[in-house]
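Following this line, the structures themselves.
One chain, subunit A, links the two complexes that follow: it is found with subunit B in the first and with subunit C in the second.
Up next, the complex of A and B:
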């Protein structure tokens, strides 16, 4: 029973973080038609910035907000410097086929990931470092029993919930959010109705950058920080996004929690080595039974 | 009609054969000039060239992006190591057998992947690339976990030494890799020019038109995976014969290295695959050559090759997507 509760609580807090990662992927996919494999590289980079600020004596919260902002700026920069020139090149022979139009941005994002990891290695050395949590990582005590749910877990779950509410409001209630949804639905029509699609694309990259930086800040206290330390989080986030539906923000959240639970229960009831095989199994099952994901729309881009 | 196509087949095979023989001669000539270290590096070039060809066929020719080639290399590597250690087979038997086992792995992967496209395929193969090496730790008794299985190319047979003199260890690695690379080159250049190659290109360029022309494209896609996996498995088998087969030998970054090489050189051309492989293998040495004059910390020089090759990858994709060999490609179409 205790193992079950521990798995459940760890699954909830990890699931919240994976939901953020998946949400970041979904936002860029909807806004730009690209799966951004560099996303957790960006998050790693801004978490290093936060870590450096804290080491230099700044408070956690200053570092926290600087990291979010630098995540957003980095995301926007990558779109302007790499992805926008790339999408303007669609006339070139190599990009003339549909399959290559899908493949080439993925290759570019892998290049970005490589650059960010190498830069982080050069600037901040390769050795792992820890990253502080803003709340205690010991379980709550109720009537003398230590629960497996820590105040840091509570912090993670509540901050992710707030973020999800803000994102939903942004997409449904604001003009920019509406413009972004229109661009996601049909770029040509959006352009013709006067939406500056280049700008909405860049905003998608910025929001996604901030969301994944938040995920980076929340996950590093329980792991360690090194140039490659967030690679696995990206894999899980990608699987979560596919499970939920790559074009559905609500699906991303659902997928994140499903993956959090699967990973947590496999870790607690089997060995950590089985985690990857479990992720692979979940991914394959979803792709075979329901390739568009649980909440993905039917006419979404073909799988 | 039949006569024409037979004639064509012959002339295609002849061109590929001449190309391959020139390649072998050039490698032998260059290899003889090199010192032991560079002979070893050249052997790595030949080995990875086979793996890069697997990316060229899969991504460049048929338009399917896989990030899991490293996992298929691991299949080839482990098959060879297990056959050589448990059944005491010679590498000349074990390596071809492991090509078959990686072809089977490619068949399974192809059946799963034929329905996936673009980023879905890339992501799924990336998960596979991460999941497969963990099997080595799951079944410790067979695969020996992180420790891995030690295998190497051994020593040349007596008749070889009598004929050509005693080769150095690195030189022997080169001579072992060369025939396999030559066979791979011959096959790849044959496939590219044949009907099959045209069919794969048409799958890449327009699926609807291809299937309307009577091509069963899901079967062809699976077929591409089988062929490409055989190349990757061969490359992985030889890669492991450098000394060890283990999870650390086939990391995810190996898949990315193959992709980088293929893109840098020119993802649609065999010449490009070779140029790209030479670039990624020798880049760290070239950087060292330039950096001797500068006082740089170890930290910087460790990450510099990765930084430069990733920058080159981005620049290639954005500025010159056809790669180094691209200019030739435009003429051929």
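Up next, the complex of A and C:
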């Protein structure tokens, strides 16, 4: 029974973080129409910034908000400096076909990931460092029993829930949200409607950058920080987004929790070595039964 | 109102528009007719900023709009409904319409709602389906939606590309009638591209006949309609 509860609580808090990563991917997918593999590189970078601030004596919360803002700024910069020039090069031979136009930005995002990791290695050295949590990482005590669910877990789950609600409302109820969806779905019609698509895409990148930085801040207290420490999180987060439906914020969260649970239960009841096999199994099952993802819409494009 | 002079647009080595000059008059329907591949759509796409011309000039209300982005040109009052019922299938009918007035929502808040209500009055079928995804609409309804999306931007000039494409004659008539009524009652100027010359010349004031990227005739619509030689030579009936 105790093992079960431990697996459940660890699955919940891990799932919340994967949900956040998946959410960041979904935002760029919906706003700009590409899968951004540099996302956790951006998160790693802003978590390092937070870590440096804390080391220099600033409070956790100052570092927290600076990291969110720098995540947003970094996201916007990547769009302006890399993605926008790429999409303006329609005349070039390489980008003349539709499939290459879809593939090139994704490959560019992998390149950005490499650059960010190398830069972080140069600036902060490549050794692992710890990162503090804003809440206690000891389990709650009920009637003398220590539960495996900690106040930090509670913090993570509530932040992710709030973020999800805000993002969903933002996409469906605001003008900018509609402009972002229109831009991702059909750029030509969006432009003809007077939507400034370049600006809209940059906003998507900024929001996604902030969301993934949040994920970085929430996962590093349990996983430590190094230039490559978030690679695995990205793989699981991407799988979560695909499982849930790449164009659905709610699907991203659902996918995140499913994978969090699967990973946690496999770790507790089997061995950690089986985790990847389990992730792959979940991915395959979903792709075979429902290729668009659990909550994905029918017309979503393929990656 | 809109003046196009010596416009040249190329796609690689293909010359789609070859020294085209024409005007769209205020509060009138001007139609551009011609066979498939004559350059009609390219003309509209160049005016709205989707294609970049190699030479020539486009003047709108006395100012050059050459080199401006499509999203800026629509803000100047030229709305383009491209070929093929251009709506976003994954968005609802209501979202598709309000997309067209997003850029006006802060400055003209009350008018944005009014404009949408006008569209629902113009095309009541859209109102019945306002929560449905645009992808579930029929071809005619999608064309109505595309036109509504353009009209809520409160344009002074509407560029309408082949509204009859793939639609039943009755639906075409209904759509053309609505546009005609709008032009006559609100003073909207229309630049209508059509392959179906008869329909277009029936409502238009002025007609421009394009063939292989060149203007071969530029006359009042009634004269063009009556010219049997031109019809036989360029439109094949």
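Simple rule for what comes next: the second predicted complex is superposed on the first by the 300 of 303 C-alpha atoms of A that agree within 3 Å, B and C clash if a C-alpha of one lies under 4 Å from a C-alpha of the other, contacts with A are read in each partner's own complex, and residues count from 1 in each chain.
Everything below uses one rule, namely that a contact is a pair of C-beta atoms (placed from the backbone, for glycine too) under 8 Å apart; a residue touches a chain by one contact, two chains touch by 3 or more.
Please read all numbers here as calculations on a predicted model, not as lab measurements.
A.B. asks: Tell me which partner A:192 touches in the superposition: subunit B (first), subunit C (second), both or neither.
C.D. replies: After superposition on chain A, A:192 lies in contact with subunit C alone.
A.B. asks: With both complexes superposed on chain A, which partner does A:238 reach: first (subunit B), second (subunit C), both or neither?
C.D. replies: first
A.B. asks: Considering only touches as defined above, state whether A:178 meets subunit B (first), subunit C (second), both or neither.
C.D. replies: After superposition on chain A, A:178 lies in contact with subunit C alone.
A.B. asks: More residues of subunit A are touched by which partner: subunit B or subunit C?
C.D. replies: Larger number of subunit A residues touched: B.
A.B. asks: Applying the touch criterion given at the start, work out whether A:85 contacts subunit B, subunit C, both or neither, answering first, second, both or neither.
C.D. replies: first
A.B. asks: Which partner does A:130 reach: the first (subunit B), the second (subunit C), both, or neither?
C.D. replies: neither
A.B. asks: With both complexes superposed on chain A, which partner does A:99 reach: first (subunit B), second (subunit C), both or neither?
C.D. replies: Only subunit B is touched by A:99; subunit C is not.
A.B. asks: Of the residues on subunit A, which ones does subunit B touch that subunit C also touches?
C.D. replies: Of subunit A, no residue contacts subunit B in one complex and subunit C in the other.
A.B. asks: Considering only the defined contacts, which subunit C positions touch subunit A in the complex?
C.D. replies: My answer: residues 48, 50, 69-71, 74-75, 79-80, 82, 86-91, 95, 98-100, 102-105, 135, 149-150, 153.
A.B. asks: Hey, which residues of subunit A end up touching subunit B in the complex?
C.D. replies: 29, 34-35, 37, 82, 85-86, 89, 92-100, 102-104, 106-108, 110-115, 117-119, 121-122, 125-126, 231-232, 235, 238-239, 242, 246, 273-274, 276-277, 279-280, 283-284, 287-288, 291, 302-303
A.B. asks: Quick one: in the complex, what on subunit B touches subunit A?
C.D. replies: Touch residues, subunit B against subunit A: 59, 63-65, 67, 112, 115-120, 122-124, 126-128, 130-131, 134-135, 137-138, 203-207, 252, 256, 259-260, 263, 267-268, 299-300, 302-304, 306-307, 309-311, 313-314, 317-318, 321-322, 326, 330.
A.B. asks: Mind pulling up the subunit A residues that touch subunit C in the complex?
C.D. replies: 175, 178-179, 181-182, 185-186, 188-197, 297, 299-300
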